[in-house]
Every structure is written in C-alpha cells, then in structure tokens.
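Two complexes, one shared chain (subunit A), two partners (subunit B, subunit C).
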Partner chain A sequence: MIKLENVSYTYMSGGPFEKKALDGVSLHINEGEFIGVIGHTGSGKSTMIQLLNGLLKPESGKVIIDGQDLSEKKVNIRDIRFKVGLCMQYPEYQLFEETVLKDICFGPLNMGLSQKEAEERAKFAANMTGLPEELLDKSPFDLSGGQKRRAAIAGILAMEPKVLILDEPTAGLDPAGRDEILFKIRDMHKRMKLTVLLVSHSMEDVAKLADRILVLNGGRVEMFGRPREVFAQSARLREIGLNVPQITMAADRLRAAGVDIPEGIYTVGDCYRILLPMLT
Partner chain B sequence: MDNIAEVRNLVFEYKDEETGASARVLDGVSLDVRRGEFLAVLGRNGSGKSTLAKHLNAILTPTSGKVTVDGFDTSDDSKLFDIRRRVGMVFQNPDNQMVATIVEEDVAFAPENLGVPREEIRRRVDEALEIVGMSAFKRHAPHMLSGGQKQRVAIAGALAMRPELLVMDEPTAMLDPSGRAEVIETVKKLNRENGMSVVLITHYMDEAVRADRVIVLDRGRIALEGTPKEVFPQVEKLTALGLDVPQAAYLIYMLNKHGLGLDASALNDEECAAELLRALESRRKGAGEP
Partner chain C sequence: MLKDITLGQYFPGDSFIHRLDPRTKILIIIAYVVMVFLIQNFIGYLALALFLALCVAVSGISPKYLIRGLKPILVFIVFTGIFNLFLTPGEEIWRWGFLKITVEGVRFAAFMVLRLIFLILGTSLLTLTTSPIALTDGMERLLSPFKKVHLPSHEIAMMMTIALRFIPTLLDETDKIMKAQSARGASIDSGGIFSRAKAMVPILIPLFISAFRRADELATAMECRCYRGGEGRTRLYELKFGAVDVLGWIYMAVLLAAVIAINMIFGKF
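Now for the complex of A and B:
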C-alpha cells in the first residue's frame, strides 16, 4: 500500500539553516496494517507523513502509494489527498469555517459530494470523535483545545480515506476521549481494512493498538517491528529519547528481582494475567 | 501571605456578541494556590481548565467572584502590570504564543516587557534555552521548528521571566517521553530550589502524580481535590470524570478486585513493583509454613 524507497528530505537546502530531516528511509506498509510511528522531537515523523500525501516532495528517492509513484507527472495529487487522509499535528489551524459543521463538511464537499451527503458524513464523523451535536453550530474558534482537535479529526474521517494518517491525534485529548477515539479508529481499521499510521509520543497507546511500530531516530529508521520486539529494547529506546510503557518498566523490575515473568510485557492486561495466578 | 493566588467563588460566562447568549464555563470555583506549591489541574475537554488558567494572569476576569494574585485583584486594571510580572504563562498552543521571528527574540519578549536590563535578559535567555535543550536553535525562525521544539521554546519564554507563579497549560502535549520527563524535572527543580509556585494543566496522569496536590475540574466545578496518593486510588471516580490513572495504579486496582488488599497508593513503576514483590514474598512465606 505504501512504499518508501531511499527517501531523503532536506529543509532549506543550501541555506545556512539547512536541515536534513529524512535520510535514506526505505520501508513497506501493507494494506490494512495499523502502524505506530514513534521518535524523538525533530526525528522526522511529521516530515515523513507529509511526503505520503504529496504535501512535501522528496529530495531523492521514491514515494509509492497504492502502486502510484507520486513523482510521476500523470499522478493527480488531489486524488492522493482524498485517498490518504492526513490529520496534521496542530490541526486546530486547519479549522477556518464559520461553524464546526461547515468545517467538517469541507473535505467531503471538495471531493464532490452533495451538501446532504457531506452533512450526513460530517454528523457521523462528529459522533465518532465524541463532539456533542450542540457544538456543531458554534464557531470553531470558540471551542476548547480538545474540542478543536476532535473537530479536525472528524473532518478527515468524513472523507473516508483508504489510508488514515494521524499526527499526534490525541495530544490534548482527555484520557476518556483519547481511548474512545483510538478504539473507534481501530474499529474502522478492522471493519474497512483501513490502513492507519498513528504518530504518537504515548508508548502506551502505540503498544495497545499497533500491529507494527516504526521507530525514527535522526531522520533514519531505527527499528520497525512488532510491539513485543520493539519494547524489548528498552535501553536503546531510552537512549534515543523514547521509553517503554510504564507497565513494561514495572514488569522489567519484577523480572530483575527474580520473578518469573516473560519479556515483552507491554499492556496492563498481559501483566495482570501473568501475576494474578501467582498472587491468588 | 501564604497563597500566591486566591480564587473565590469564581463564576465565568463567555458571552456570544451576536446573540447575547452566555454560557457558564466556571461555576463557583474556590481555590488557593499556596506559595511554593506544585498544583496539577485535571479535567475532561471543555471542563474549564484553560479558562481558569487565563484568570490567573488577568487575561480573563470574573463574571462574578474574585481572583487575587499575590494580593492584587485581577479585576483592578491598575494592577495589571503587578500581576503579569508575577505570573508566567505557557499557553495550550505554542504557535499562539510565538511573537518574534527568531527563537531567542521570542524568549526575550516577556522579560523585555518587564523592563529587565539587556545584559540580564541575554543571560536569562541563554539559560532558559539551555534548560529546555534548544540552545542550538536560538537563531532559527520559530515556524521552522517541529511541534515539540516549538513547545520547548514556549516553555523557555515563560522561564526567562523568572515568574513567582508559573502556569502551564498542557506544556508537554507534543513532547517525546524524554522531553516530557525533562520538563517536569526542570519544573520540579525550580519549584523546590527557587520556591516557584506551579500550576500545571495536563492530561498525562503520570505528570499529575508528581505534583503536591491535584484538583479535578468537571463542568466548571471542582469535583475532586487532594494529594496524588489520595486522588489516584479512586479509579472509578476518576474514570467517571473522563480521566484515567497511571498503568501501575491500574494494575493494582485490577488485582485488588480479587481481594488481594495491595497498597493502592503505588503510583509509579517502582512503587508498583515494590508492592507486588512484597505481596509475592508474603504469599511465599505463607505457603511455605504448614
């Protein structure tokens, strides 16, 4: 579904503040996979995902989406944007319409849907993200931070993309809202074979949801594997500004103290199931 | 005076200019921020946290009730300068806060406004950028930074003011795990060593655990208040308020459903592991003796 071949990207090439943000990234993501993307501040996560829907062009290398090489002239970037829905890191800035409802309808209308279809989709998407109906007529500027974020996510969901890319979607959401939205997205991913890339600084969230985890470090791929494999490397993760879920740290401590508990514990449920028989 | 800020019966309503309708967002909040205290404010989206924070440096003033900062009434316009020089703010969205075209000028903005001498400003700016690990970016334009880098610069800006009260509205929302830990460590250190009072708004429970005291807002009222050790064992209540608890605390809560009687005030991985080891040990002893 998504293929990067030796992709590099440099901001302000040739200038005094030249910054190589991506450096020879190659990877392959299958249709219907749920990928977690983690990496320290400035590691190139946002840069990478903007390459995936054509917002940025690679300086070298190839970006291939659903068999189409984005650098080819005949590729219509507009179509790619509809296929690859991207919710940016500060999506609050993508809100600009008079009302929240109009904002969420913007994408679907742009795709050529009728007003009626667009509104239906918008209401459905608002509901998915837990935005109360009465907020839909408000100005997006009068929402709280977390409410704005929900509106922005709803705007992308309403386009029903094949690939959904979310850049830190839960930053600023309350824990209940965070779980609710993430689980609904996982649900959609399962039901509709949606391919999802979730950029997150929450090791806990990524551990709960992702089939595979991509770890970026200084613009390169540091690891790309199953949560169990990635979170077994806690020392290396810490070295590069990341961590493991808190429950993994607790399990590591128990193992170090001689308790018979396997490596690669990364959810509370796993830990609970192992400990309960030992304690009862 | 023991309190750096006092909030009494604060009611706040946003007024819709066009329709004249008003929506009550804070509904009788009373709260002391003690001098030298590290207070965490939690609550679901829209519960009124940012609105409360904006009352602490007089960006907003009460519809009714009273807010004082170091004894100065925020509704008294002539005291605005006295209030603002005491309170450093880190807003929820760092982009709204960036005012200059170069990072170091941005960080210098608040102390310049306070009339701090040039040499002193330079020192403070360098120091603040060093603290947040952004010295290498000081000549950069803020809009060229990654999300987390912007957030670090916004924090540096508030630190360079050397405020008596630092109010931070979700300052770590976009930071990586080390960055988050560093910011919280820095704030704890300034709190402990310089006696800087801190109000931290966050959705990260593991950060709230580090505070001296926690309050939870719900629909514009204080729904829960206490030390982390008092608040976080109340898993069901917190869940009903749209919050959660650290994974360590949740594991213990789940195990305690089987009547294990573990100490529910274990809030981090270390305390959790220690408590589990203690329980395993006492069980082993119990089983070993006929």
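Now for the complex of A and C:
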C-alpha cells in the first residue's frame, strides 16, 4: 500500500539553516495495517507523513502509494491526497467554515462530489468520530477543544481515504477525550478497513493500538516491528529519548525482583492476565 | 512554499556588520536609501553596488541567500520595469501599435528596477545582520529625542518588536494551514484569479483567528509580568557606540561624498 524507497528530505536545502530531516528511509506498509510511529522530537516523523501525501517532495528516493510513484508527472497529487488523508497536528486550527457541517464538507466538495453526497459523507464521518449531530449546525469556533479536534478529523475522514494518517491526534486533550478519540480511531480502522498511521508520543497508546511500530531516530528507521519486538529493546529506546510503556517497566522491575513474569508485556491487559492467576 | 522570504529574518553572526550599533546601521540604511534615489547615473549605481558587495562580503552572509530574497518581489520588479519602459513619454525609438519605447523610458525603467533591487538588498542585509530586538532598540533610542513632542517612541518600538517577532511565526502558521487545507484537496496555486482569491478564504480565516488568539495570549503574558510601558523602564543591554561605529560612519561618509561627486561630475545620464 505504502512504500518508501531510500527517501531523503532536507529542509532549507542549500541555505544556512540546512537540516536533514529524513535520511535514506525505506519501508513498506501493507493495506489495513495499524502502524504506530514514534520518535523523539525532530526525528522526522512529521516530515515523513507529509511526504506520504505529496505535501513535500522527496529530495531523493521514491514514495509509492497504491502502486503509484508520486514523483511521476502523470500522477494527480490531489487524488493522492484524497486517498491518503492526513490530519496534521492540532488540526482544529484549520477549521474555517460557518458551520461544522460545512467545514467537514470542504474535503468532499473539493473532490467534486455533489452537495448532497458531501453532506451524507460528512454526517457519516461526524458519527464515526463521535460528534453529536446537533453540533453540526453550530459554528466550529463554539465547540470545545475535543469536539473541534473531532470535527477536524471528521473533515479528513469524510473524504473516505484508504489511508488515514494522524499526527498526534490526542495532543493537549484531557484523558477522557484522548481515550475516546483513540477508541474511535481503532473503531474506524476495524470497521472501514483503514490503513492507519498514528504518530504519538505515548508509548502506551501505540502499544495498545498498533500492529507494528515504526521507530524513527535522526531521520532514519531505527526499528520497525511488532510491539513485542520493539519494546524488548528498552535500553536502545531510552538511548534515543524514548521509552517503553510504564506497564512494561513495572513488569521488568517485578522480574528483576524475582517474580516469575515473562518478557514482552506491553499492555495493562497482558499484565493483568499474567499476574491475576499468581495472586489468587 | 513560503520559505523564500528572507525579509525580516535574522542571521546570527559576529562580523563587522553584526557588531555595529543598531543606531549606526539604521542611520547608514537611511543614508543608503537616500542615495539610492539621489543617484542620477549608472556610475553612481556601480559605486553603490561595490559598497553593497563589500558589506555583503564582510557580513559573511551568503550572496545566494540574499539574492533569493528578491524572488517574492520579482513580479513586482518586472511589472515596474515594463510599465516604465512603455509608458514614459519622450523620444521614440521603437513603436508597435500603441506600444512605444522611448529613450527616457529605457533609462527610467532601468533606474526603477535598479532602485527596487538595491532597496530590497540593502534592507535585507540590515535585517539579516541585526536581530529584531536590536533593531527596535536602536529605533527607540533614535526616536527618543522626539519624546519632548509627545511621540511615544517606546510604544512604537514595542509594537515594531512584536510585529517583527511574529513575522516568522505567522509565516510558519500560514505554511501549516496551507498544508492542512491542501491535504483536504484545496487547490491554492491553480485556477483563475477569482478562484484563487476564493481559495484564500480557508487560509486567511484560520490565520486571522490564530493571530488574534496569539495577540490575546501575549497581552495576558505581558500583563502577568507587570508590563507598564516605557516610563522608568531599564534595559538589560544598553546600547553603546564603539570604534566599529566610527569606522562605519567614515565608510558611509566617504560613500556619500563619492555619490555626490559622481552625480556632479557625470551629471544625468
């Protein structure tokens, strides 16, 4: 579905503030996968996701989406953007229309859909993200932070992309809002067979949700594997400014203290299932 | 998309130009702007070009970077050139229908284009080598004699500091919003002039909202730190003229004399 071949990208190329953001990244993501992307600030996460829908053009290397090489002239970059829905960080700042419904319709209307179709999709998307229907006629600026975030995500989802990329969709939300959005994302992934890339700073979130985890460090792929494999390398993760989920740390400590507990525990559920029989 | 704008960007360094007192630099740039318009022949511009080239060489700023700053106003320069070329009355040298080129037109067009280029390059060099804070500090000090006639020099300087400080922030923000809307299929750089203007709405509204939000937050933050304006306010870094400044003035005086001399000797071209 998504393929990067030796992709590099440099900001302010040639200038005094030149900064290499991605350096020879190659990876392959299958259709329907849920990928968690983690990395220290400045590791190239945001750059990578912007390459995936053609907002940035790679300096070298190839970005291939659904068999189409984005650097080829005949590829319509707007079609790619409808196929790869990107929800940037703090997406609520992109809201601009008079009503929430109109704002969610912006993407579908740009695709050339009729007003009626766009509204149908918008209502469906709002429902998917858990936005109550009575809010749709309100001004997006009257919503709460979490509702704005959902409206913005719905704006992407209404384009019915095959791939949904979310850059820290829960940043700055309260715990309840965070859990609900993550739950909705998982729901969409399952129900709509979406390929999802979730960029997050929370090890817990990616551990809970992702099929595979991509670890970026200094513009390179540091690790790319199942949560079990990635979180087994806790020393290396700490070295590059990341960590393992807290529950994994707790399990590691218990093991060090002599409790018979296997390695590779990374969700509270796992830990619960193993510890409970021991305690009863 | 917007990364080519160099105006208002500061480029830290420790060159001769960087070490000049901002007041000196402001005075020099004023003299420079006066000269740009004073010069009446191409030899004068040659002298100015040499001066500028020397400044750039000393400043350690890559000329490529400086010239890149001309890109955003290229259209404007070209238009100015074309308008002056065809619309200046005088001795005709070429005619096609209602379009005519005159000797005066050629001369005037060349002058206008040169003036614009020199203005942009000179002022870009100033902002590239002077931090916005230093620049407005210098401005405030230069304007402080006018306090006697109730000119709020501190407030003006503060407003300018804030405005300059937010140029890069708002550019970043614009870039982000443009990307976010493009990701939703907005086509910003295609279509006719009307559809393009319409396409600006999804960018301008979020931008304005965020600018107001930032202004509000900044006002609160300043009030939290008990900001009360200029009266009795001391500063961390006092501006002091040094030996480099004297050198700068001499340098400028020589150039000014040279430009006036060239004007007198060679006259109007």
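Here are some notes:
One rule holds in what follows: the second predicted complex is superposed on the first by the 278 of 280 C-alpha atoms of A that agree within 3 Å, B and C clash if a C-alpha of one lies under 4 Å from a C-alpha of the other, contacts with A are read in each partner's own complex, and residues count from 1 in each chain.
What we mean here is this: contacts are C-beta pairs under 8 Å (C-beta built on N, C-alpha and C of every residue); 3 or more make two chains touch, one makes a residue touch a chain.
Note that the structure is predicted; figures quoted are calculated from it, not measured.
The superposition on subunit A brings subunit B into a clash with subunit C. By the touch criterion defined above, A:82 reaches subunit C but does not reach subunit B.
Once the two complexes are overlaid on the shared chain, A:41 sits against subunit B while remaining clear of subunit C. In the superposition on chain A, A:55 contacts subunit C only, with no contact to subunit B. Residue contacts after overlaying the shared chain place A:12 against subunit B and subunit C alike. In the superposed model, A:178 lies in contact with subunit B only, and not with subunit C. Within the superposed three-chain arrangement, the count of touched residues of subunit A is higher for B, of the candidates subunit B and subunit C.
Of the two partner chains, subunit B is the only one touched by A:249; subunit C is not. The contact surfaces that subunit B and subunit C form on subunit A in the two complexes overlap at residues 12, 93. Touching subunit C in their complex are the following residues of subunit A: 12, 14-16, 50, 53, 55, 78, 81-82, 85-88, 91, 93-96, 106-107, 110-111, 141, 155-156, 159. For subunit C in complex with subunit A, the residues that touch the partner chain are 3, 11, 62, 64-65, 173, 176-177, 179-187, 201-202, 205-206, 209-210.
On subunit A, the positions that touch subunit B within their shared complex are 11-12, 17, 19, 38-42, 46, 89-90, 92-93, 142-147, 150, 167-168, 171-179, 201, 203-204, 238, 241-243, 245-247, 249-250, 253-254, 257, 259, 268, 271-272, 275-276, 278-280. Partner subunit A is touched in their complex by these residues of subunit B: 14, 43-46, 50, 92-93, 95, 139-140, 144-149, 152, 170, 173-180, 203, 205-206, 239, 242-244, 246-248, 250-251, 254-255, 258, 260, 268-270, 272-273, 276-277, 279-280, 283.
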